[in-house]
Amino acid sequence: MHEHHHAHRVRYRECDRMGIVYHTHYLDYFEAARTEMIRELGVPYLTIEDSGFLIQVVQVNIRFHSPAFYDDELLVTARVSKLPSSRLVIENEVRRKGETKILASGQIDLCFVDAGTKRPVRAPDYFVAALERAFSA
Amino acid sequence: MHEHHHAHRVRYRECDRMGIVYHTHYLDYFEAARTEMIRELGVPYLTIEDSGFLIQVVQVNIRFHSPAFYDDELLVTARVSKLPSSRLVIENEVRRKGETKILASGQIDLCFVDAGTKRPVRAPDYFVAALERAFSA
Amino acid sequence: MHEHHHAHRVRYRECDRMGIVYHTHYLDYFEAARTEMIRELGVPYLTIEDSGFLIQVVQVNIRFHSPAFYDDELLVTARVSKLPSSRLVIENEVRRKGETKILASGQIDLCFVDAGTKRPVRAPDYFVAALERAFSA
Amino acid sequence: MHEHHHAHRVRYRECDRMGIVYHTHYLDYFEAARTEMIRELGVPYLTIEDSGFLIQVVQVNIRFHSPAFYDDELLVTARVSKLPSSRLVIENEVRRKGETKILASGQIDLCFVDAGTKRPVRAPDYFVAALERAFSA
């Protein structure tokens, strides 16, 4: 298992007429968290693209348990529990900093794609190896 | 069953470095489609809010089957197949205009909430009645 | 002078804690309006890109006179008053449908760029010719 | 003069088909930078709202000098050079971390508004006092 906690301050533009974070922005939080989680592995996404792979989102599942509010300091967790084949599954949770209650939880399924053919391919070896090292650390 | 087809032209700001619609924007498409679907029932969302109810998103599930591209003309379907209790389930599909292939499909679960207490409540009677009329039409 | 009026319904995601359209979304309204204005000229943006040109935003100036609210039906005007050299200036106004009061007004300065070198170039002849025809219509 | 430098990492969702940051997102960068600049004064925006004031954007002016790219680390400057009356003017610049070249520069004019009447009012005394302290520090 490899996970990363990404801090995010809720912005005015993210809050709706009800004064709570509009649901779409959680996807942005998840993007930032998994980007930093992958960077922490030592294989930033740009490196992956430069080696001829793209990563596309193929499925999104989010449950909203309790609202987040303007100016809240959030911790957004991105976690990988399983080595990828072509598909890479990321689990996400959002909490207020210093709290254990989960405000939202989600799963994002990504797919490695060949940048040329745009067809699904196995995750590059160096990426799988980096995850294996993180899993055993 | 009651459904509505909402037309959307893909904008530049919605497309990413891969030249395809970035996944988060499908949630915006779904919002527009269900808003117009509800308006077509004769109970626009503002009327619902004015009568003391809010509708919050509690779960989101989207599958991305095939990319949409810049300037594509999309048809976004929002459909209700079941009368709501507190929860209102909307099924969505995105197709290119004139095509049958589904680019993305999703389910958005909404919850009626009392605007004062912010607690889940049964859908207002006039809303259920409007859906019943639509189902039997 | 060539102008286009683009209809837009204000969405929930566009409104902030004050219940008004958050200022950033006016830029999205302007994008949609100028895209359709250019399409009406007979030279949709995709055609321009396909012929080796890009259009980049180089300056933005917006004044917000009066707020727009959730579910408002807006008319967004995009107007060209002057033939472009490298720079194409678009004037925008936002009104509520059926009203004359201007809610927001803006000017967007665009620049034609060679898709290969990424350097500013004169607007393509067919684009200038299409504008000339529209100006004299 | 009081200024703050806010770090921002460019996200995938912010980049367009040209591979550069789409212009609208600079407004989001500016929002984050001025929010943190105001927090640093000791009067976070929530405190201002709690004391009965709102701050609305009344004018936006941005010049885009050079593109920012995916995964760039940006420093976004927010600066106040003049004590506010009703209007508070924020100057912004965006640079790549460690570089002096300005990628984008902008001015955002804000207006203090009475939360009840929604009419322009003078900035609250404690806010002006906090700025005066910062100016003389």
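Going in written order, the chains are labelled A, B, C and D, and every chain counts its residues from 1.
Please note the rule applied: contacts are C-beta pairs under 8 Å (C-beta built on N, C-alpha and C of every residue); 3 or more make two chains touch, one makes a residue touch a chain.
Only a predicted model underlies this, so the values are computations on that prediction, with no experimental measurement involved.
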{"item": "Pair joined by the larger number of C-beta contacts - A-B, A-D", "value": "A-B"}
{"item": "Of all other chains, the one whose Cα centre sits farthest from chain A", "value": "C"}
{"item": "Between chain D and chain A, distance of the C-alpha-averaged centres to the nearest whole Å", "value": "28"}
{"item": "Distance from chain C to chain A - Cα centre to Cα centre, in angstrom", "value": "34"}
{"item": "Separation of mean Cα positions, chain B and chain A [Å, integer]", "value": "25"}
{"item": "Sites on chain D at which at least two other chains make contact", "value": "12-13, 24, 28, 31, 70"}
{"item": "Contact footprint of chain C on chain B as seen in their complex", "value": "9, 11-13, 28, 31-32, 35, 44-46, 70-71"}
{"item": "Residues on chain C engaged by chain A in the complex (per definition of touch)", "value": "12-13, 15-17, 19, 22, 24, 70"}
{"item": "Chain A to chain B touching residues, read off their complex", "value": "18, 20, 23-24, 27-28, 31, 54, 56-64, 67"}
